[in-house]
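Got some structures for you, see below.
What follows is chain A paired twice: with chain B in the first complex and chain C in the second.
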Partner chain A sequence: MIKLTDVSKKYEKEMVLKKVSLEIKKGSIFGLLGSNGAGKTTLLKTMAGIYKQESGDLTIDKQTVFENPTLKQNVLFIPDLPFFFSQYTVKQMAEFYADMYKDWNQERFDNLQKVLDLEVNKKVARFSKGMQRQVAFWLTLCTMPEVLILDEPFDGLDAVIRQKIINLIIQDVADRNMTVIISSHNLREIEDICDHIGILHKGSLILEKDIDDLKSDVHKVQIAFKDVPTSLFESLDIVHQEKRGSVHLLIIRGNKEEIDQLIKQTNPIVYDLLPLTLEEIFVYEMGGVGYAIENILV
Partner chain B sequence: MPSKTSWFKKELSKNDFRQVGWIGLMYTVVLIFALPLNVAMQLGQDNLSSQIQEEGYHLFEFMPVIQLIMLFTAPVLLAVFSFRFMQVKQSADFMHSLPINRILIYLHKIGYGTLLLILTDLVISLILFIMASTVDVSAFYTISDIFPWFGLTLLFQLFVFSVGTFVGMITGLSVIQGLFTYIFLLLPSGISILIFYNLDLVLNGYPEPYFIEEKVMQFSPITDSVNMLYELNISFIKMFIYGFLTIVIFLISYWLYKNRSVEAASQAVAFSPLRPVFIYSFTFCMTLLGGLYFGYAQKGTGWLVFGYIIASIIGYLVAQMILAKTWRVFTNWKSYLYFIIGFTILAMLIVFDVTGYQERVPETSKVEKVYIMDNHNHYAFNQIIDEMDKGMESKEIISDVRELHQYLIEHGQETKIDENSSEFTIKYQLENGREVIRQYYIANNANLDSLLKPIYETEEYKKTNELFTLTNLKQMEISNYRYGRYDTTIYDQGKIEQAMNALKKDFLAQSYEDMQNNAKLLADVELTTTEDKYIYFPIKATTTSFIAWLKQENLYDEVIVDAEDIEAVYVREFNAENDDIYNNNLYKNLDSDEVVKITDKNKITELMNSGNGERYGKDLVYGMAFKVKNNPQLQIDIIDTDHIPQFITDAFK
Partner chain C sequence: MFDLDLRSRQPIYEQLVEKIKELIVNDVMKTDEKLPSVRTLAQEMTINPNTIQKAYRELEMQGYIYSLKGKGSFVDSLTKNISAEEIEKIRNELQKRLTEAFFIGISKEEIYTLVEHTYLDVGGDRKND
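Entry: the complex of A and B
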């Protein structure tokens, strides 16, 4: 389990992270959302033990990460622009990883080569950007990480490669209960793979939720009456309400069965209870924060 | 989960090799050219005997410039490239995300660098050793020369490598790391020199920095190594200091690395608390440099202040530019304001002399010894204050010197006024072991006569002269080139001693007026020691004992030209700018009214003593052509109208 308690980080004189507290359960895929400059990369690098927080605690399985080689054996970080030693071939990089990480799985490396179909003896710098990212995943996954931290992993990748990489990640999560943290500035990019979502805005974590909870918690209702029962609206936890002709559109928070029951009692002419897309949930939940959220939802 | 910690990471070392191996290779190749190949080439030459080196020749003397350059570039490059990984954001992130802690990375980097330097020096040493054991290279070096070369080269390189590493820790830019390594290596000397010269500009009595310059040069490894390696003059204490410093600097560097944040990559100064330190010290050094430049180039307080202000602004802006990595830094002046206020206060404290530096004259009772030197006596005494091991101890002299010092405090100047100004340096050796050194210039020392006479005429003062302190004399040359070439050199130790005794006797008998009298010299005596040190001594008419000795040795006629040796003097009037004044033929036309011939011995003596060679700034001068016995060539001297004897003026009427 990854646990952050009041983690703050300064960069020069600017506070980049402000008392971020967060828990990520083992085996989950956590999506970290935020617009550019929200502090996502800083948070990830702090989790990876590259940066040291100014204050607060950050532990993975109750151990601090910073300067902890034993823990770092299993905590792997892939930056938005993966790094390779200049002039190194994939094979040389693999040798480097094999020497660094004791859980290095050569068999997997050889197998993945067939899947990814990349040349091992070619210098990594010669590969295209997308291929370099595949190489990074290739090398990283062969270290058999328990925690995988990915900074904008899909930025600029085409759909085929993206799917390939997602499959690899999901397979490891399923097989080995790997924990994954993925940052993105785009909700749609990650909503289908994450089970938890956190939104970072100007250095503060303004929301952190289980996606299933979110989805079962908020509902969209289209409803029409002969006589509008005002008492109904009062008894519901309405987040948003608008009227199109005689049809009321309600976004309601609460238990699905309870809402269903309450509405049915009023005998509406038209009644539809629909699930919300994540995007809609965010728009309604986070309306106040405005700009930042709109950008995430692009 | 068992943790397996290994201190050696094979792949990390491989990576080091790929990053910095080329430096070792390059360095080895250059050294092979400078040393073994160089020796081999000289061995192959036909005229081997001319190549044979004198005794004491050592390995640093083969292409010393190349060796020194390599000594100070290879380790710096090594430090820059070894720690390049943490100056680039991506690689810094990567390296610090690996499951290794910083001590391991650090040890790999400095360990590999050290190994590379050892290997390089070892390869060269081995080649030299093999050459020495197979071919006769004894004309150039012996096997016993190899180890000192290896040891000293390695010691210096490791020291420079440690400084490079240290600088790498406090900056996040490789360029700055390279550049500032050299600045740091020069800093101790540089800053001392800047401070000394600036104090010299504003403090009256502050001694010329050249007294300290030589000592200051030892503060910087770059300037120091030139002396140490080339002269091979290095003490064990110094070697120990360098070795010790290397270890300390490596330890400090590790501490810095441990506390350095990864995001410092690509920042000019890696630790934010050091940023103001950097700005202020950089500005301070530039300010002093500006003061030095304008203060010495353009004498005067106005220029000095201008130099301080303009250089402080430039220094401040450059420091800001380095930090911000942009040239557009013209908006932030707050720190500059603090600096200029601080600098002004410091300058005021010094100028208004809060420590009483300018007024300080040590109490007679506290002075153990006193030394005095003036530039007028340089020619005669050739003293350098550092070399004067004999100070004066008597209380009378000390109090006389104090009186002179008081006068100089009131009337002396800090800088040279003109060519005629005198320079005085006074040094007190105090009983508590401290020294007080002051130096003054004074425009006209006529007023000083009454102060100097009681000092200069004492036997104790005279005995501080090199004439009494110099030993191991090799030769004595007596020369007089005024009327042709008359000289002789004596090598006989017994005779030199006799002559020295005569000179000492004359010198002790000399009055203050005699010393100051710049009348025509009869000859020069130049004494040379076995260590090739020279002193000069002027022979005047008052140097009677020496003249008597010359006569006794039958050398008088050989070197001294007096009126008896002159057959005649021809005098002719000239326009001062006329270069024909040295034309012998113009004096031979006796029929003309323009030339006067003098044969009277008394008049000749008078002319010999009055010629002053001065013609610049005058309208009319007289050329005097001396006809010396047995010399067909006329010897020309010049005399101006102010000094010409009456009988000449009368003759031209």
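Entry: the complex of A and C
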């Protein structure tokens, strides 16, 4: 289990993380979302033990990560720009990894070569951006990590490779109970694979929840009436309201059955209740903290 | 094995629950048949194992499947223990659809025939098998 208690981090005078508290269970796939510059990468690097927090506690399986080489054997981080030694071939990189990580799995390395179909004797620098990322996954997965921390991991991967990589990650989660933390801007992608998500904004964690709970807590309602019952709107916890012609579009927080009942009592002519997509949740939650989408006219 | 719509707004675990229920209700999966393990299903469908676990837990709670420690999950005999909540839910849905049916002018007799047909299709009174 990964546990953060009031973790704060600053760069010189600028506070980048403000008292972030978070728990990630073993075997979970956690999605970290956030506005640009929210501190996602800083948070991931702190979890990976690359940065040291100014205050607060951060433990993985009750051990501190920072400067703990034994623990770091099984905590792997892939940055948004994967790093390789210049002039090294894939094979030389693999030898380096095999030296560094005691759980290095050569058999898996050879098997993955067939899956990814990349040349081992080619210099990594000569590969394309997407292929370099594949190499990063290839090397990392062969160290048999317990915790895998990924910063914008699917950037630059085509749909087929992305699916392959996600499948490999999921196998490790199913087989070895690996914990995965993913930051991404591609909400569609995160929605499909994560079971928990957290939203970071200006260094604070504004939300952390089971993704299905999150979805069953907010609903999108499209509704039209002959006579608009004003009392209905008062009795609902409305996050957002819009009117398009005679159709009202509402984002409502609360229990699905209760909302359903309240609305049905008013005999609407048109009525649809839909779960929200993660993208919509993100937009409305961010709107709640003053990071709204405004239609900009230039 | 199950066809899920990843673009749908409906949560994946709910889709899974419904798909499996459908297979059980239509007798594609028989009583005491073993469900695929969480691991296999996760791997085959590229779905988070936690999501599958959740769907199985939900199905167990609703009385569609039972699980044996270390052996996996199996289809439960249906008539025994479908929860009262689930029955109530289906009853409400039926009522809602019937209201709509009457509204658009389907006659009472037609609905009776439909009920008869469906009843025969599922093999009569399965409770007394």
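Criterion: the second predicted complex is superposed on the first by the 278 of 298 C-alpha atoms of A that agree within 3 Å, B and C clash if a C-alpha of one lies under 4 Å from a C-alpha of the other, contacts with A are read in each partner's own complex, and residues count from 1 in each chain.
Rule of thumb we're sticking to: a residue touches a chain if its C-beta (ideal position, glycine included) is under 8 Å from a C-beta of that chain, and two chains touch if they have at least 3 such contacts.
For clarity, every value in this text was computed on a predicted model and none was experimentally measured.
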Practice prompt. Please indicate which partner A:His185 is in contact with in the superposed arrangement: first for chain B, second for chain C, both, or neither.
Written response: neither
Worksheet entry | Partner chain in contact with A:Phe96 - chain B first, chain C second, else both or neither | first
Worksheet item: Looking at the overlay, does A:Lys52 come into contact with chain B only (first), chain C only (second), both, or neither?
Response: first
Worksheet item: Is A:Ile166 touching the first partner chain B, the second partner chain C, both, or neither of them?
Response: second
Practice prompt. Figure out whether A:His248 sits in contact with chain B (first) or chain C (second), or with both, or with neither.
Written response: neither
Worksheet item: Of the partners chain B and chain C, which touch A:His219 in the superposed model: first, second, both, neither?
Response: neither
Fill in: Touched chain A residues, chain B compared with chain C
B
Practice prompt. Figure out whether A:His201 sits in contact with chain B (first) or chain C (second), or with both, or with neither.
Written response: neither
Worksheet entry | Contacts of A:Pro79 with chain B and chain C, given as first, second, both or neither | first
Worksheet item: In their complex, what parts of chain A are in touch with chain B?
Response: 11-12, 45, 48-52, 67-73, 76-77, 79, 81, 83, 85, 87, 95-96, 98-102
Item to complete: Quick one: which bits of chain C touch chain A in the complex? Just the residue numbers, please.
Response: 6, 9-14, 38-39, 42-43, 46-51, 54
Item to complete: Within their complex, state which residues of chain A touch chain C.
Response: 27-29, 163, 166-167, 170-171, 173-175, 192-195, 211-212, 215-216, 274-277
Practice prompt. Under the touch definition given earlier, write down the residues of chain B that touch chain A in their complex.
Written response: 1, 3-5, 9-12, 14-15, 18, 90-91, 93-94, 96-102, 104, 261-263, 272
